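Structures for review follow.
In the two complexes below, subunit A is the common chain; its partner is subunit B in one and subunit C in the other.
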Partner chain A sequence: MSKIITDRRSFLKSTTAAAALVGMPAIVRAQGASRPIKIGLLAPLTGVIAAGGKELVEGFEMYWEQVGKKVGDRAVEIVIEDDASNPDTSLQKARRLVEQGNVDFLFGNILANTGLAVANYVKGTGTPYFIPVIAADDLTQRTRIPNVIRVAGYTASQTARPLADWAYKQGYRKVATISQDYTFGHEQCGGFAQMFTELGGKITQQFWHPLNTADFSPYLGQLANLGVDAVFAMETGADATRFIQQYASFGLKGRIPLMGAMNATDQSVIRTMSNEAEGIVSCAHFAEGSKEPATVKFVADYEKRYQKLPSIYGFSHYSGAMWVAEALKTIKGNVEDRPLFLKTVLATELKDSPLGKTVKLDAYGNPIYDVSIRKVEKRADGKLWNVPITSYPQVSQFWKYDPETYMKQPPYSRDFQGIKS
Partner chain B sequence: MSALFTSPLRIFWLALLACGMLAPLFLPTYYVSVATQILIFAVLAMSVDVLAGFAGRTPLCHGAIFGTSTYVVLYCAAHAGLPLPLAMLLGVLAATVLAAVFGLLAVRTSGVYFLLLTLALGLIVWGVCLRWTQVTGGENGLRGQLRAQVGLSSRELYAAVLFVVAIVTFAMWRFVRSPFGLTLRGVKDGESRMSSLGYNVPLHLIIAFTASGYFAGIAGALYAVFNDFVSPSTVQLSQSVSGLLMAIVGGIGTLFGAFVGAFLIIALEQAVSMFTERWLMVLGLTFIGIMIFAPEGVLGKARLIMAARKLQK
Partner chain C sequence: MLAFQIMNGLTFAALLFVVASGFTLIFGLLRIVNLAHGALYLFGGYIGFTISKLTGSFLIGGIGAMLCVAIMGLLLDQGLLRFVRGFELRQVMLTLGVAFVLNDLALVMWGGDTFTVATPEWLQGAVVIGSLFYPKFRIFVLVVGILVFISLWLLINKTRLGALIRAGVDDLEMVEACGIDIRRVFLVTFMLGSALAGLGGMLGGTFLALYPSADAEILVFSLAVVIIGGRGSLVGAAIGSLLIGLLNTFGQVWFPQLAYFVIFGPMAVLLAFRPLGLFGKAA
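After this line comes the complex of A and B, so read on.
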């Protein structure tokens, strides 16, 4: 922590100097080669998702420490700002990083609304902005902004589709969904529901509950009596913990199979849980329990460094940093040439990521992954983790649809779930 | 009354105003945006002060009224394709109508009940913004490029906001010093006395509430252009609280204290969060300090000191 503070002090000093130079941006630019590359990292260090924000910073810093905080011969300087899990604060901090801190590009954010606010801002400034966690579908679909790229991230509906396919293959025909009532939930459930019904399955009922629901009993009571083959739960953070616990204590665990969106069984959730989370199946591009040597190494390094298994936040920002660093290496650190930089990031194929497989971006700035169906299992030492059971190769945000045709359908919402009857 | 506006104070304010106007000429664009924000929030705080400081009714729904205007402006300009001036007009209108409705519901109560009722009304707005996804965008909010639409740079926007804020401030100042404003003060000091004198107290309060909502709506419309973005966090309780806090820190019943309050809170937030993640704690301690040592607010305290000096002379 003290390191961050030092960073901020030096940041203040350097920005005072920079403030003195604002009249002469041309001179600052001309000194480019010797100047460090400056990255603005926006992370929710306070507010509802503060725990995730901390892991985001950890993953990001871990990568840059491993490579000695430099790209080629150019040093890298990271300025961290707290977005307070609030879109207005996030926007304000993004403004500060871009206009006062003169960062070369922005990185980070967790909550979709904070990311959308910053994306809307950089649409005007042209600052490159990388979002390894912000999953809002339309940022790489209908309302794409060229300088916003989802390196090492995913769209909300992307990984729900293979899970629906897997569920159908298990013989499930009737599924109910339960989800937090906001866009991220609508999109994940939409991906699942559309895929599942197109295959011939039936979505019996969809429950939408407010964020921070303490008591799930009204929903669990109904779920128990619907006569469904399985339940798909889209929960994040504390809601996920509570839902999984209550699902087990209501005796539904083992009776009705539970499938989760990737964030429902993310390390940030299951780290503190025990038996009740075991056996939940989810779908994600990253599985910390994978046998892939690159993943094993990353997980071991992360565990050694931070005494815990990496969550999606840590993983995404580690890989996202790597992705951008690879692109910067290709262009020899010439971050000043924005069009070239963005083009190179889009064209970069990430080879050495913790996934162990080459990942590339589609034409819309969203990665195409080999996606794993994962099951929560106990490791030898009793810690829970997600172990891959099967995998779907080359899953794009558009699944097998034609992008143009796909984007003609409305975005997923509570009212549009793409359900085929 | 006019003793409070003796020439040294007036000169002080004029000097400060001049500094405020000149600031953007010397500062980098980021500070310009902070200054713009301060001006906008000062108007919100003044609108709270009109009720809290002059009519003796402390509202907790002005963030919601402010945000309603922001929502309407962004929806009309960015989604319904209306021209920006018309959208802003509609935003202010929506805020005014909302305030009138809230006023009708709330003015019969006072004290804690007024506080709670306005809090509940504000929460309704927040709930609607959060759940009415088709129109408000739910949790994700609404986005637009309003500033780019009218082609304003951040410095030009600052100048425009300054111009509007100057007019609005003058209007509010006239409002609270008018015979109507004096009646409001009478209501604050002795409600039963005013009604026994034959004043229609509820009507006065409804009008004051509506006017205050109108001013908050103007601030909200400016905020829409400044921020290009609105989400439920703009209408949530903390927004109402920060408006009230700015009014309190500056000095309840001083009107112009709102500028001091807005400046202190926003500038502190900016400065402290640069050094520590625990900036909220530092802010909290500062407010406690102000409440202990200057419960009448910064400007209120300054005026008291000035008045005491004058007495000594």
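After this line comes the complex of A and C, so read on.
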């Protein structure tokens, strides 16, 4: 997979070249236009989230191939590295890309811990790092790193809040949550719980289970007897498949409405499922079943190319690539000027994304979206997809709170869910 | 409520037993800690998924999974393990390597999406006993688990092959000295153990889903079962499965924060007092 040259001679050659570049900045700029822009893409191609990693690469490559792998007159070279779903490997590969591969910027990762490892590393090197999937709230909030930008990404709690509002409007007053016990889960549940209780709803109980829980039946038995109006489930990957399937087989489907955090009904989960997933309501900025012409076109292109509907991973990296490419166009490919490059990315408004609407970043490097409440439905050919039923315009990571005040409350955790009683 | 959770524990235990009984058979007789057992489980699930999808029959899928995985076991034993017979560490390392290779192979062949084996129509839905509402399929798994236990018990205690296996577990050299071709017994046991992993994969694939790394998870549970039950003991595997199944369920209900500790904590305590497990005998 790695295309990095590691033999000693070329290593010498590239280090000498690098040394020369440092010594003669004038020449660098002169040569800038001819040297390709080198992007280091980190993707989990093996390990627990390998399927998502593959789609990440697919989305990213699809964009670059559509534009002929260049920005203006500068060619773009993509070096893909496998992070193995593991933070140590991820860090090691990021170092290799930056220090030996001389990439201009880094892109990618899926699992929060792999992304945080890379973010910590680029904090020291200043390498721009774009994270369309890493959703850890604080990366664009309390512990923001200026060279880490969430192009086409989202914070975990961002999309859960409109869902809470929607749930309250449906007349739900008592909701139980079940979630994977790690930061991404704490944050998505926190966003939901805080919003829902501030509106006047009640969170009856919160269940936290370890990642990769084989058997959900013990939790389902308890959920069934809580007397709640609805259940909010934050699940990803295989846990999501199992939870939804077992929720149906224990007869809860149809009895207690099920709402999911955005990843719970992502294409990567529902693609292999059938009736059991139908009707689940979730909330995200992207809905593959949207009638928006730009979305329809993107979905059709993606499906033609890869014979499957795009997941959040493919969509985010397609749009993220587009975002950075737009910024690069503005500065005529001058990726060497990092402060300018970062500033331009932050200021870029994405117009032609598959969302069909202009997307902006807030001052903290996180996008503001029109967020859809989506329902899993069957398409004419029997495939499941998420169809928007209503929309919340201009949802930022801070919802309607003042950013400074909001960031004074502690980050969401198992112990702090922002619940107002 | 209690009855419901006990059922959850029992049905999970039944699945664990199907997988772990194969593991303990191989471990007991061949002295191989077959770390590829989880990978065989995963392949069983994937193969069963594919066959049942193509034929539309759950039964054919199950039989196909068992047969294919038994053949994989045959290849593993005759093609690789034969060359390291008697070297425990090498065997363990070899099976670990095979586990990695198989896992990656599955990723290439089926992709990394999560699949579930379709439940046949006659097992869909639930039975209602009083106020208890319970999925038919999980009861089916429990029945299969009990049937597997009875058949294995009869095989081991009432047949000539079983007698050979028991003798082999106790004293391998003596059996060989009696003029019995123990290698053939080895082979049959290995295939039988693998077939059970395949059956487990088919059952597990239906309600626990199939995805990369599912093999490692079931392997950890199987190891725990066999460590608690004792090497090579069928009754031990049954008791171990029940313990782990029930601990897993009630641990999640009573101490959700400690879900994993509840399983492995008692295991550690047990090992401190009975290093060979509940029914283990010194080799």
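Here, the second predicted complex is superposed on the first by the 391 of 421 C-alpha atoms of A that agree within 3 Å, B and C clash if a C-alpha of one lies under 4 Å from a C-alpha of the other, contacts with A are read in each partner's own complex, and residues count from 1 in each chain.
One rule holds for everything that comes next: contacts are C-beta pairs under 8 Å (C-beta built on N, C-alpha and C of every residue); 3 or more make two chains touch, one makes a residue touch a chain.
Every value quoted in this text rests on a predicted model; they were computed, and no experiment measured them.
In the superposition on chain A, A:250 contacts subunit C only, with no contact to subunit B. When the two structures are aligned on the shared chain, A:150 is found in touch with neither subunit B nor subunit C.
In the superposed model, A:46 lies in contact with both subunit B and subunit C. In the superposition on chain A, A:221 makes contact with subunit C only, while subunit B stays out of contact range.
In the superposed model, A:96 lies in contact with subunit B only, and not with subunit C. Contacts of A:271 after superposition: subunit C is touched, whereas subunit B is not reached. Under the contact criterion defined above, the residues of subunit A that touch both subunit B in one complex and subunit C in the other are 46, 181. Chain contact summary for the complex, subunit C toward subunit A: residues 1, 4-5, 8, 11-12, 104, 107, 111-116, 119, 124, 126, 133, 135, 137-138, 207-209, 211-214, 217-218, 221, 248-250, 252-253, 256-257, 259-260.
Against subunit B, the residues of subunit A that register as touching in their complex are 1, 4-5, 8-9, 11-12, 19, 22, 45-46, 81-82, 86-88, 91-92, 95-96, 98-100, 112-113, 116-117, 120-121, 123-124, 136, 181-183, 211, 413-415. Partner subunit A is touched in their complex by these residues of subunit B: 28-31, 33, 37, 131, 133-134, 138-141, 143-145, 147-148, 227-229, 231, 233-234, 270, 273-277, 279-280.
Note for the complex: subunit A touches subunit C at residues 46-54, 181, 207-210, 212-215, 217-219, 221-222, 225, 237-238, 240-242, 245-246, 249-251, 268-269, 271-273.
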